[in-house]
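One structure below.
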Amino acid sequence: MSDLLQVKNLYTSFNTEDGVVPAVNGISFNLKHGESLGIVGESGCGKSVACLSIMRLIGHPGKVEADEIKLDGTELQALSEKKMRSMRGNDMAFIFQEPMTSLNPVYTIGFQLQEAIQLHQGLNKEQSQHKSIEMLEMVGIPRAEKVFSEYPHSLSGGMRQRAMIAMALSCEPKILFADEPTTALDVTIQAQILELMTDLRQRINTSIIFISHDLGVISEMVDRVIVMYCGIIIEDTDVRTLIKNPRHPYTIGLINSKPRIDVELERLEPISGSVPNPLNMPSGCPYHPRCESAMEICREKLPENHEIKDGHRVCCWLFSELGGKIKS
Amino acid sequence: MSRFMSRFTRNPAKTGILNETNNNDEVLSPGKIIWKRFRRNKIAMIGSFILLILIILAILAPVLTPYERDAMELQNREEPPSSEHLLGTDRQGRDLLTRVLYGGRISLSVGLVASSLQMVIGVILGSLAGYYGKWLDTLIMRITDMVIAFPFLALAITAAAVLGPSIYNTMLIIGFLTWTETCRLVRGQFLSIKQMEYIEAAKATGANEFRIIWHHMLPNALAPILISSTLIMATAILVEAALSYLGLGVQAPMPSWGNILEPARSMIVLMNMWWLWLPPGFLIFISVLSINLVGDGLRDALDPRLKN
Amino acid sequence: MTEPIVKLENIKKYFPIRGGVFSRVVGNIKAVDDVSFVINKGETLGLVGESGCGKSTLGRTILKLLDPTGGRAFYKNNDIFKTDKQQLRHLRRELQIIFQDPFSSLNPRLNVGEIIGESLEIHGEVSGKEKQERVEYMLEVCGLAPHHHRRYPHEFSGGQRQRIGIARALTLNPDFVVADEPISSLDVSIQAQIVNLMEELQDTFGLTYLFISHDLSMVRHISNNVAVMYLGKVVEICGKNELYQNPLHPYTQALLSAVPIMDPDAKSKRIILKGDVPSPANPPPGCNFNPRCRYAEERCRQEEPELREISPGHQVSCHLVEKGVGKLD
Amino acid sequence: MKQYILRRLLQMIPTLIGTTFIVYIIINMAPGSPLSHMIDPTITGEALARREEQLGLDRPLLQRYGTWLTEAAQGNLGYSTRYRGRLVTEIIQSRLLATVILTFSSIILSFILAVPIGVISATRQYSTLDYSVVVTAIAGVSVPVFFLGIVLIWAFAFQMGWFPVGGMVSAGVRHPTILAWAADVGKHLVLPLLTLTAANTARFVRFTRSSMLEVIRQDYVRTARAKGLSERVVIYRHALRNALLPVVTILGLSLPFLFSGAIITEAVFAWPGMGTILIESVSQRDYGLLMGINVFLAVLVILGNLLADIFYSVVDPRIRYD
């Protein structure tokens, strides 16, 4: 499989009154055609910002820089705003976390669906209405024709998220960013939406980047996972390896601190401390103040990426010769 | 150490914490943060500076002026500015600079008193309505609706005419006509603070109503109240000026910026004697502007949502 | 050794709905509708359910932070709902609450010392230096630095703020603590810290918890018994292992199966429920759950099931338990 | 929806009664008898008392208010004492057109100016343009209306001689056609309109800008961008419509301020509207007319609020009042 999306050294920072907040600090990853990639991390780790940066949806006072952001071979950074707009919602679509606030309250569901369809597919009003209703049916909304002319407030959270999914998929995008699409929903509704997304994935040929803080959701939804911490990628591997054989101390800590519904644990093993203040990042590896295996070098230098196995990258000194030497 | 304390033996460090984000010992109280943000706002700082100068000038008026406030020099009436009378003299031969400085005292104090009055009324009614709710809320909100429905300036003019124009009536009228905004604001604040979990926490520890209102709710509602009162003070100065200009506010010989302007209702004065109306008008504008800038700056400093 | 400490009998909490031209009461939202159970001393009862099921309302009602519509709640032998102001104030030392939102639960205008020390002041327990010592001690117990008492809430992270909230609740050395979603707004790695802290404190001070949460995995970890709520009613209650291994109510079964499992090999047999939770203002007749239940029969649509003891310590409210619903597949 | 409007209409009644009652009390606080200014000062005390009895002035306040209210409900706002007993409603009617011309043209003009300025300023927050708009708007609400008025008269009527000093039409001129009349009115209108509009525009700009700032941070605006819509469509279709909803409500609530500005402006420019008669009746102690004008304006304010609310509920689909 060839690469659909290539991101190289992406940096996003926000200029605030209190100083520069580096939200994404030089991440690189690829997404293959038809692949689903998960991005895991705690709040503030930069996972959403990274995706919004790729879509060029970061507004003032954010600043995005990258060596490369290529979609299907096209360098996105070189595109004019106009060209970029024609790709947004068309080649790349986004599903947001909050279904309650992500739809415009003063327009009908149908209007908001048609908008993108008319814009990108050049369909007329009637055709786009037909297509919209078709999309609503596809995402399992009952009485789609009635919902078409309803306003968002009359739908439940789950239904709104379905409508958002319909909107995102209406132009058959090459890549779909799903930013915590089920976090705001109850667990039984989350199950409905996850099943819908799994089902849709089999039916349409779209690559997905699935953002979540929930390793349970991730392990059900994706093929490959990126773990982010403080704006950098600390581990990148397939989902099976990540959960069965995680290598980075943070990933291990994350997995150990989560109780399981299927297994009884005597005691949870939390990661100590908390995420550092983005305005006051620790030197070296951002994880070292919380890391039990931290060494001298971790305090001084940001570790490099180490491919410890085919397709398994870890960003940690424990796996480098240099780090090993200093440890001994 | 009580027995209660000695029960705890285990070391909580295992649970892990204490990687501090703020290692210096400076405690950043909410007040300090607001001040820090306010200080960064250049326009608001300029406003505060001008306001400070105006207040100092008003306070020092007796020291700064060589003339008596009401002293008339009948031989020197309607004199244009000169080295003797820097801003000229009025129709009774009084020194205008003197009157403008004293006028600042009156105008600023009318603004201050009127806005304090509305604040007291608004805060009391608003907190009663917001905290107790139910029929009391309905009653207070109905009264507020009635006062909001007053045609503001028309009623102020009418009341001033009926009660007789004077500085005290001006303060009272403005105070009684402007409290509705504060009342609604405080009520809204109380309603939203009431939903906060820290209020429930206080209840859960057994705090009484008095403590909840005074200790937990009012301090959290204070900042918006102050902002709105600052902005209302600006309005009050404008209303005083308008009433006095119409001859219905502060009465001569007591000078206020508004009533110094009154002669400008005559076309002859307006056309030929700019020094009679330009300086006081300009001072009203500057003082109201600086108060508004301060109020606006405070609002920005307090509402981090608007800053990113 | 299972001595009941809190006993609830038919607790009801309705919120009136107003409408019409004259804002008359036209109906009720039955947030909590006839809930009874017992919590044993030193144990944790997990209360789970989806948003809007009434679990938080129940937690607040039994502490009389909300006025109950009906029923009785006993702490030891005191009827909490029947206390006058003075008695209630006294009871408040024994009954405490930890909140969900670490941001809105701490008064931003007070420093940490004032927040934690307030209860000591209210109850006149200690003052001055002794109060200060107690505050510092509580901070230390909850894993914070004692010298932090001069700081303000905004200087702390979410997890640290939650620790402050816990310290506040425990200052008066209560017996029974309602923990209302104490971890749901925290990051995963912090959740475990807080739960561990709560467990340690339980051992140390002999606390009894009502642990309200929608996180079924965490409830399994921390609880002794678990109650499942749906639309204002308890549909199933029993020991935790019994519940997680042998859920009997169709809703419990669906709820448990809906939780994503962190294991790429586990192919879950998921039960997908139809539709959304009905509005508690207008619950369906018969069993509340019948419109979404795949086993629903005629009887379920007409007759409301009672919470019955099926096996020792396992209560379920379903007409069809004996038919072994859910084990069919 | 119908129910909501009905409820609001019912709620309006006690507000109206309360408002007029307070106004009535205030006006009745006037020292001396209302008749003393109307009638020949040489009249005997006895005759005056008889006259008062005739008019029911000896009855208690509440009773008199009751009578007044009954009359007012039938559209009779009482009699002017100055204009020899002319109906207050008649006098108001004769001056209404002038006020309507001034106020409405100012509201419309300032709205047309303010919305785009507010939107552009909000979309470029922190730019130099935004700062200048903010400061100018604050300055605009800080200028005393009458002072701005006299400065304009001084500059453009006296110094430049471009516009007339005051009034609504040139004195002693007969207009052959409606158009000529309109042209004359238009010339007189420029300065007062400018005065009133400066203040109103500044207020509206501030409302629009802050409302817009709130809205462009909403998730649905980001959704609209993610769909690939152009910035124009995002701002003017998705954001502005939401932002204008609260502006409409504030507009309803700020009617008293709008009238206040109009009263002062009329007084400065001798514009023959309700503001001018209000001030005339103050100096003439015409309490009947004062009462009438206050009540008339109060009703306008209450109706304005009601209309704003109803408009809001119609435009915002989230609000379902039944």
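In order of appearance the chains are A, B, C and D, and numbering begins at 1 in each one.
Assume a residue touches a chain if its C-beta (ideal position, glycine included) is under 8 Å from a C-beta of that chain, and two chains touch if they have at least 3 such contacts.
Computed from a predicted structure; not experimentally measured.
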Touching chain A and also chain B, the following chains: C, D
Middle chain, criterion being Cα centroid separation: B
Chain centre separation (chain A, chain C; CA means) in Å: 32
Centre-of-Cα separation between chain C and chain B, whole angstrom: 46
Distance from chain D to chain C - Cα centre to Cα centre, in angstrom: 54
Cα-centroid distance, chain A relative to chain D, in whole angstrom: 53
Chain A: positions in contact with at least two other chains: 60-61, 270-272, 274
Multi-chain contact sites of chain C, meaning residues that touch two or more partners: 157, 159-160, 193, 196
Partner chain D, residues of chain B touching it in the complex: 43, 142-143, 145-155, 157-159, 161-164, 234, 238, 241-242, 245-246, 248, 261, 264, 267, 270-271, 274, 277, 281, 284-285, 288-289, 292-293, 296, 305-306
Partner chain C, residues of chain B touching it in the complex: 1-2, 4-5, 7-10, 12-13, 15-18, 20-22, 27-30, 33, 195-198, 200-207, 211, 215-216, 219-220
Residue ranges of chain D in contact with chain B within the complex: 11, 14-16, 18-19, 22-23, 26-27, 29-31, 131, 134-135, 138-139, 141-147, 150-151, 153-154, 158, 165, 213, 217, 253, 256-257, 259-260, 263-264, 267, 275, 278-279, 282, 285, 287, 290, 293-294, 297-298, 300-302, 305
Interfacial residue positions of chain A with respect to chain C in the complex: 42-43, 156, 158-159, 186-192, 194-195, 213-217, 219-220, 239-240, 243-244, 253-255, 257-262, 264-265, 267-272, 274-275
Chain A to chain D touching residues, read off their complex: 55, 57, 60-61, 85-90, 93-94, 96, 98, 101-107, 115-116, 119-120, 151, 153, 164, 167
